[in-house]
Each structure stands twice: as C-alpha cells, then as structure tokens.
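Everything below concerns the one structure shown next.
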C-alpha cells in the first residue's frame, strides 16, 4: 500500500519532468521581437491534424513561403511571424481555434479557415474582433451571405466550380447519365447542389445520392454500377474519393469518374492506387503551380521553405492571400491595427499567382477560372481551364 | 456450502450464492486467489513492487515509450523513422536518465518508507478537517471562489474552452454520475441525450437552422424544461426495455443507442440538416421586468450561466444522494438482489436514475446549442467515452470529483494544445488514463462510499460495480 | 419486550385468531432443466407462529424461499398469503420487491448486506421502502421529505437497538463481525415492516454464544406478532424456538408436526442420521 | 435493377465483410470467455496488425507491375503472417500494461474498461504519430479479376482471398479450442477460473495466450481488411465496434456464435446499405444489435465459451 503511493507520486513527477523536457527541447518559443524590429503575426487556421490534414498543410506551407519571402525582402517596418491554430477541420473546434488567434494581440490578419464548416463556425468571432480572415479554400457558396464583416476568400465559390464541372462532364465528355454523390458535408452538398442543376440544364439525367464519409463503399459501388451511369461526380474529399474509386474499379466500373477540388491532391492518387486513379478527372477553381511556367519561382521558393515539399492544392491560394495581406500591411505601415488592416483589405488590388485579388463587398474574389485536371500515369496534369475546354 | 463450524469469510459467501444468480461471479474477481498463488511476472505494477532489477527494467521501458511519444513524427512511407530518431538519437539519454533517477527515487523512498508516512502525517489533519461539516463548507466555498475567479485570469480562448470543454462536460459528467456513480449502471451512449437536448433546442428556437422546425420560436431558456422532459422521456424509453439486461449487455445496448442517435442526426438531412450541423440558434436572453440581458459571443457570461447551473445541480444531487433515493441507489449498486429483497423497486429506481441523468444531459444540450453552432460530430461515441472517463477519472459517485475530473482532463487537453503537436494530444490522454487506472482507480476525489467499495473489491469482497453487480433475471 | 417493535406496525396479534393461516403453500413444483428442486411441496403457517423448515443440504429449502419471495417462478402450485387485515393474495408471479411490499421480508443464507453502507444506512434502505419522498421532494427539502428522513433514522436506530446493534450505528456493514452482520440483516428485514419474516439459516457460521442471542432474538420477533418462517440446520435451535416443523428431502415434504413429533419420525431419522450429514445429497442446481 | 437483381452481388459483398467481422469478433469473444471483460482496445490490435502486414507486404513487393502466381501467394501469406504477429505482439503488450496490473490488484471491472479505453487512445494516436495520419494503401498484391459468377454476382479474386483465409482461420481456431490441450485450458478457465487453477491449469498463462490468439486473428484480419479498405491510424474503431456487435449478436463468449454473428451482420449491412442508403449501414447494424439484445439477451447462439465447443 505504502509502496504504491510512492510509485504513484513518483510517476507523476516523472511525467511532469518528461513533459517539461519535451517542451524545452521541441522549443517553439513564442518570444516576440527579434533583431530590433517589432514583430507582427499572421495567423493561420486550418486542419493540421485529422483525416484531411494534407489540405491544411498545403495551405500553411504556402503561408510560410510568403512570410519567408516578405521577411527576406525586408521592406516591411516589422518582422512577420506565423501563428498556427489547428481546428482539425472540425466546426466544433473552430471557435476555440479562432479565439486562440484572436487572443494573440500580435496577430493582425488570418489566412483561413480552410474548410467551409469551420469557417462558418469561426467567422462570427473574427467579425466581432475586427480580425481580417482570408480563406484560400472555403468554397461553400453561402459563406459570403451570412453577414461576416471581415471575411474574404480568394477562391471561387462552388457555384462556379460546380457549374463548370457539370458543363465539362456533360458537354465536353458527353455523359448522358450522371451519378452525383456527395459526402453530406457543408462543402460536398454545396458543390453537388451547384453541379446537379447545371448538368440537368445541359441535358443529362442525374441520380443523386449522399453518403457520409465511411470506409466501406462496396454496397454504394454496387448501387452505382447498377444504375449504369456514364459518369460519376463525387463532391467530397480525397480520402473517401480514393476509397470510392477503389471500390468502383474493383467492381469493374469503366465509365467517367470525376471529383472536385477537395479531391484534387496527390494523396488521392496514392490512396486509390495509380492503376485505379488513372483517367480520373478532377476539377478545381485553382491553377496548378507545378505545371505553370509563370509559377516556377514560387515553386522553387516553396520547396526551399518547406524542406522540399511541392505545392499542393490551395498552396498557391494561401500564398496569394498572404501576399495580399502583406501588401496591405505595408500600405498601412507601422501603426497597423486589426481594424485598419481589415478596412484597407476591402480595397486591395493585388495581382497574384493564381488570379487577381480584388474583392466584391461581400468578400467574393472578382475573377476566377475553373481548371480541369486528369490523372495520367499517376500524375495530375492540367487539361486547361473550362473557359477553353467547354464549347457551346 | 457455509455450514456451521467453518469460519465464514466474505469470499465464502461469494462462492455459495443462494442460487438467485445462476450466472457465475464476474470475471476479474474470480481470479483473486490466483495472483497470490503465482509468482510475480513482469507487468507494470508488480514490476514496481518486485525486485529492483525488474523495477529498473520497467522504468527504462517507460522512458523509452515516453521518448517515442515526445519524439519526431514518422509517416507511412517511412513508418519507423520517428521511432528510430527517438530511440537512436542522443535525446534518448535524457529520458533514460530521468527513468534512472525515477528508479533511484523509488528505491530510496521504498527503503526509507518515509515519504508516505511523512506525507500521510502531514496530510492527515487536512483530510480530517475536510471531513467535518464546516471544513466541507469551507472547502466548497473555496472551490466556488476559484471557479468564479477563474475566467478573469485566463485568455479568451481558455475561456471558450472553460465553457465548451470544461463547463459543458462537467455538467454532463454530473448527470452521468447519477447513472454510473449512484445507480451503478454503465451507460456508453450517454451523449445521445445531449444530442436530443441540442436538437430540441434547434427545433424550437430557429427557423433557419434545421429543415424541420417548430411553427413558433422560443428563447433558449424556455426550451430548457422542454428539453429536460424530452431527454428524460428518451431515457425512460431506452431504459424501460433494457434496464433488465446484465451489466455489459446494458453497456452495449446503450452504446448502440448512442450510435443510432448520432447516425440519425448525421444522416437525416431533411430533418436535422445532417453533418452540416445547426447554425443560428439564438443566444439566450433574459427579459424579466427591468432586467434585460442578452448572452452573446463572449464566453464569460456563458461561463457564469453554466457555473450557476452546475452549482444548482451539485446542490440538488447532493440532496438526492442523501435521501432515501440515494440510499436505494447505493443498495442497488452494491447488491441488487438484496435491494430487491429489501423491497426496493429496483427497475423503477434505475429508470429514475436514467431519466435524471438523461435530463441533465438534455439540459446541457440546450446550453451547448444556444452557443450558436453544433453538429453531429459533437455527439460521437468518443464524446460518450470522454464523459465516462471524466466521471471515473474524477471520482465516481462524487459530485465535486467529477467536476474536478472535467477540469483536470479537459484542462490538460487545452494546455497540451500549445505544448505538444495538436494531433499528439490523445496519446498523452490515453497514457494518463491508463496510469490513473493502475495507480488510483477510485479517481482523483472519490466519494467516501466509492472509496470503500474499491477497497472492498480489492479485498475480494463483493464489489459494487456497474459491470459486476447487476444480476441476471432471465432465470 | 415487544415495545420496541410496535412502531406503526401492522402486526397486531390481538386482532387475529391464533389459527389464522397467514401462508398457505400448496403443491409447489420447481424444476431446473431435468432436475426437480421442489416436488409438490405444501405447507401452512399460522399467524404469529415460528415454523421451521429443515432438511439436508439440497433438500430444496432455499428454493422454497426463492419461490415465495419471487426470485424463482415455479412451474406448478399456488402460494396464498394473508396479510394482517388483508384479503389473501397469490404470491407467485410477483416481483421480489412487491412481495416485500406485501409484508414478507427475508434474509439470505449467505448474508447479503450493502457492504459499503453503514449499519444505519442498511436498515434505512429497508425502512424507507414504505416512504413516499420522490426526487423533487428530496431536492426541495419539502416538509414530508424532512419528516420521513427523521422517521427513517429514528426507526432504524430503534431497530438496531432491538437487534442489539445500537453501538454499531455508524459502522460500515462489512466491518462488523459475522454474528452482528446476521443481526443487521435481520434488522434490515424488520425495517420493511413485515408480518412474515423468512430467515434462511440465520445461525449458520455463528458461535454458541451468538446462537443463544439469536434464539432470543427470534423469540422476541415472534413475540411482536410477526410470523417467522425459518430454515435452519441447527436442530437444537429449531427445537427450542419452532412451534412446528416441516421436513424436506429431495424437494418433498417427508414429515411435519411439532418438533417432538418430527424428531421421532422414522423418515426424518433416516434422512438425517442415515447420512449423518456427511453423505449429504449433491446440491441441485437450484441450491448451489 | 433493384434489390432483387443485385441480391447475389450484395450477398457476396456481405459475406466478405462479414467474414472479416467474424475474425475480429473472435478476439472479443475469447477474451470475454476467459475474463468476462470487453476488451475495448481490441480494435487497436486489429489496426496494428493491419500496419504490420501492410509494411511487410509492401517491403517485399518487387518494383514494377502487380505480381502474379506464386509471388502473389507468397506476398499475401507474408502479409498475413507479419500482420498476425504484429497483432499478437500488440495484444500481449496490451495485456501486460493495461490489464495485468489491474488484475493483480483486484481492480473493479469498470477500471478494466476505462484502462482499455485509455490504451486504445494511446495506441491509435501513437500509430498516427509514427505512421502518419493519412490513409495508407496496400499496393495490389495480385491481379484482381472476376473468377466466376454465382447467379448474377461476380466473385473476384479479392472476395475469394478474404473469405478463404477467414474461413481457414475460423476452422483452425475452432479445432484449437475444441481439440487441443490449450483449448481445454481455455474452456476450463472460461467455465470456472478458480476450479481450473485448483486443477493445475496455469490461469495467468491461459489468459495471456487467449489474448495472443485473439491478437493473431485480429492482426491477420487487419491485413485482409487493408487489401480492400486501406489502412489508417484510426481504422480500428468502426470495424472494432461492428465486430463487437457481431460477437454480442452471436452470444459473446461463444466461438461459433461470433462467426454466425459476423456473417449475419455483414449480410444485413450489405442488404440494408443498398436498400436504404450506405449512410444507414451502421444504423441498421446497431438497430439489429439493440433489438436482438432486447428479445434474446444472450445472443443468437447464447452459450458461453466453456459450454459451446
């Protein structure tokens, strides 16, 4: 009995000691000001853990690249730093993650949140705190209609992407019968809700189904194949699309398979397997930096900042958003406050890598293009933008 | 058989059940005699108890595990890089040194045998004072003062966490404590009632949040009694046919029920808005006479609202616990057959516990929903488990204990947000829970009854346990 | 001697004729799978009487108790019970707590207390069965709740005093010595205000001194007008307290009558002495 | 069109997943049989087995195209073997750290459940840290094609591999429990541990071995699961819960019951997922569980391990 008490206490001591040691060694100290200059932080909120963390990592790496470039240039009256906050892509974690950034008074602007659901839950807080938030990826159409005052996104909403994808699948690929499946998420239903009416308008017959993310798409694949569609369009994220692709191919599905920007990541190819992924179409309102000659410098800088990682989906958008924020910070100068940054951002006009960042009063980016990708030999290749590919 | 002449022992009574329970005595207890007979093996605890060499081995093993836990990550392409970098890098020596120091500490302290005694002597008077009535009152007043001051001292993210993670979970844990701690029923689907409360709020307070809504909208405060009743009713509907089941089966049925509720919330998009969740439940407000107050995004007022309810619930459950109902629950928990034979209507009292627990959960659901946004993700099985772990961790059967459990566990999770990679948090959570069960299964602040029950169980006497004591009435 | 038990008790020896039948068991048959545990058992108990059921291990005594108190559901037979001033009711098919509510309390062969509760709390559980306070009453501290709480403590202390455990009020049940645990169990049973008390081998495991106390206690209980149905191995105790005896063997009644008559019965001698208690028949599933 | 046309295909799909549930369910059932405990961390044993098998098969896989013939057989066997070993090792470690210390001190049963939950969180999050938190695919180890048709249903190589291996393991286990000395020991402990120890059965040893056997099966099952569904750090939870349901459905503690429960659950899910929606698969599974427990509380086959074989 006595012994147990002692060991219990000692274990507690050990645990505390080890945690302290770990924290000490892994560093990450948040002491501000370095090199005499005042430091200003740009926040990032997105999924840095969880099933679809890759999309968050793509984006935060883009932010890091832009920050590194700005600091290198050194024409700002302060040093820029990054403050990350993980919302796990979960709307319920969103508010706490947002508050963490809001609490940090050095944060003058935020890139993110990445996912639409988390954005919806977090934006009221950002609006109240007058903290600018620019999402590189939250594409749900309704987000700009909810009265958030400091919300902007430099990506086209799903209404644009869904319609363009429908035009491409029905008009260019000539699919007469389309099976539209979404993952019932904020993002997925928004995308399929834009895709289906346009596809119908283009003359295709649509079968709609909605399946929550799961691992076992076997019976859904049976159902899809029984429907004999020419094309399947999945509105959801890559982890599930990979499993769906696998299940469909295993059951001998030979038709067209397409999905949206949530699946537009190399992880999709990896997880579905090259043989299964080949031939799959992916739509995205985002360009591909890797294959864009204009973006060569960005790719190089990105690789240098992020230990050789290649830009992924939303990396370019996050990079652009950060640069636009940097422009505004420069404009506002040393006395920048959250309010002045948010106000100045409304009239920003910045020619970015992916598009020109210029916003409507509700925070919607002005011009946008939807690109079609196809997996060929295990690589995502850009076929072009729908403006060019869809005719008539 | 116990016949006159033999020395009766509690163990003997266990073996000669008077045949009302045809099933065998529950598992772990049956092996009590065995460990004493067999030699020591290298499990964690008995290692710590056995020879110094074995203890050293265990300490070093724990050090290595901790090194891996805190070390660099691997990935699927290089699955063992993280481990290799943790174990083969120089930092392993820091951990081994800590492990070694820890081992030395154990050696020294167990040789001297002094630490415990000194600590015990020092703490004993404190414990005695706390057991007296004024002592208890003073202790509770101090706790309340700390609770009132807490949000003034922390950041707003921490305040948000105080509301979302700690306050709500403390309320949930208080409710589950009635079911598990008082009546001894293991409910693994407890969060379902929380969901029901939240969706009832969504139904009655907003026309935009859910496709399915009431014709008239109310202030969330008016929904509180409705949610309370609906959740209690759900508890009775679930409990009625299932409370006859034996311990583990009850656990599984409740688990199934919890899953069904969450999956329905997730899938019935036409009713609940599915995984997109419910957005736009109005903030509660008070408009009584001259008092007008509107809760808003600021977490602090929510915190005080929650704190008020928690104090109220603690007070109310204290009354119940000390009443005939509380004693009847204790009786059911400790020996259901004897309770039944003493005239306790066991089924009705279990249902009552279920309904009370469910209604608190529904109540918490309203408060949670009125904070603007919720989605089925909040009502996962993990959440049910988390509440249960909070209850056990804090001290089953103790009202203050379960609140402390919520503060410590959820506070730890919040604290670790910044200190460790966010995704690694649950590794620490798991490790803490295992260590807790090995070293202090009665929880941080156990109730006196529960502490006795654990002691009795360890002595091999009929233990009161949600998994153990429930009899099979199938015969 | 009887004053302490005269609470709001229904046991009213003056108002009932001595030959009133309080318990009438007829043709009770209980089987477990292929094993017949009780085989056409019939017996009658008069009000206020101490009736002992004896028999070797496995004879079906505890099975009989379990049938009477609703733990088992026998295949055949009827059990009619007449409470004080009540109409006769059928006991079979009722739940244990309902049976207790009708005025029948029991103890267990292997003491079943609530081990982590205090002696007082153990008795209170029994006493409070007849109380009405609900959760709201308890939370709000309504006058009735407070009155019942006071009554419960007073009555429980009174009962502890009656069984000789006044000094143990705040002790944890499992910490009591064995003999006292037995008496505590009896106090708890008395708390439910029974008119019929079923005692299952109360003397098992007690020493001679405790046995003597127990004999006195049983007499005192009977003295308050409560009928006692007693299962016991100890023949001396049975002979000294019981006014009539029923002998079971292999689930059948082999003899009944006064203690003296039963003691002379050849079948009983055969059942007991023939086996000398050593070659006791194997317990049936129901008994073990 | 419709359910009738797809009936046989759905049956084949259902049997495949059902066989996997059965294999995992056996781990729950065996442990329940000897300890009367729900081993909550069994799902992580399954997950670790899956990763073990995956890494082994991927490591041995020659570069280039999908192998065929004997190479495929060898790779599948290697994956199964290493998966089983990883599962067995994980189960052993689990028993040592999360169960044995509690058993030694005679902890109440609830403590075991909580400690197993802690172990589960610890294990799957540590796996996420070390193996990444993305889904990890198993490269194709054999050419997956339609082998034959049952009525209108296609039966693929993958179906045959999964079901074949699962059935083989189930038969082996059934033989082990009913016809070996070890099996006799397990049954003795399941029936009455105290008596068994008096009869000279080393109860501690039997308990450890039971954990390991369950772990071997779950590990191999994890590898089979990965062939179809990819591996991930949190893959254990849902199949674990389903397998647990299957075990209860068949009568927990009953070896053959677990098999029946697994197959029934697989079929019900497959049919229900088609007729209603794939989203409702789990709802259906749990509804079945709740209803069965209400009307047949000890499961379909009801008996305990000790009496079953």
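Note that the chains are named A, B, C and D in the order they appear, and that numbering of residues resets to 1 at the start of each chain.
Criterion: a contact is a pair of C-beta atoms (placed from the backbone, for glycine too) under 8 Å apart; a residue touches a chain by one contact, two chains touch by 3 or more.
Treat the numbers as computed from the prediction; the structure is a model and nothing was measured.
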A count of C-beta pairs in contact puts on top the pair B-D
So, what's the distance in Å between the C-alpha centres of chain D and chain B?
-> 28
Could you grab the centroid distance between chain A and chain C? Build each centroid from C-alpha atoms only and quote it in angstrom.
-> 74
Provide the C-alpha centroid distance between chain A and chain D, rounded to the nearest whole angstrom.
-> 36
Chain B and chain C, separation of their C-alpha mean positions in angstrom = 40
Mind pulling the chain D residues that touch 2 or more other chains?
-> 133-134, 136, 277, 279
For chain C, residues contacting two or more additional chains = none
Would you give the residues of chain A that are in contact with at least 2 other chains, written as numbers and ranges?
-> 49-50, 53, 184, 210, 212
Pairs of chains found to touch, sorted by chain label = A-B, A-D, B-C, B-D
Which residues of chain B touch chain D in their complex?
-> 15, 24, 26-35, 37-38, 41-46, 68-69, 73-77, 79-80, 82-83, 180, 186, 241-242, 244-249, 251-253, 255-257, 259-260, 263-264, 266-267, 381, 385, 388-389, 392-393, 396, 421, 423-427, 429-434, 436-438, 441, 453-454, 457-460, 463-468, 474
If you look only at chain B, which of its residues touch chain C in the complex?
-> 1-4, 6-8, 10, 12-13, 16-20, 22, 316, 319-320, 322-328, 330-331, 334-335, 337-346, 352, 356, 449-450, 452-453, 456, 461-462, 464, 475
Touching chain A in the complex, chain D uses residues 1-2, 5-6, 9-10, 13, 16-17, 66, 133-137, 139-140, 144, 146, 154, 156, 158, 228-230, 232, 234-235, 238-239, 269-270, 273-274, 277-279, 281
Within their complex, chain A touches chain B through residues 2-11, 13-15, 17-19, 21-23, 25-26, 48-50, 53, 86, 88, 90-92, 95-96, 99-100, 102-103, 117, 120-121, 124-125, 128, 183-186, 189, 210, 212
Going by the contact rule at the top, pick out the chain D residues touching chain B in the complex.
-> 34-38, 51, 55, 96-98, 100-115, 117-123, 125-126, 128-134, 136, 192-194, 197, 202-204, 237, 241, 244-245, 248, 252, 277, 279-280, 282-283, 286-287, 289-290, 293-294, 297-298
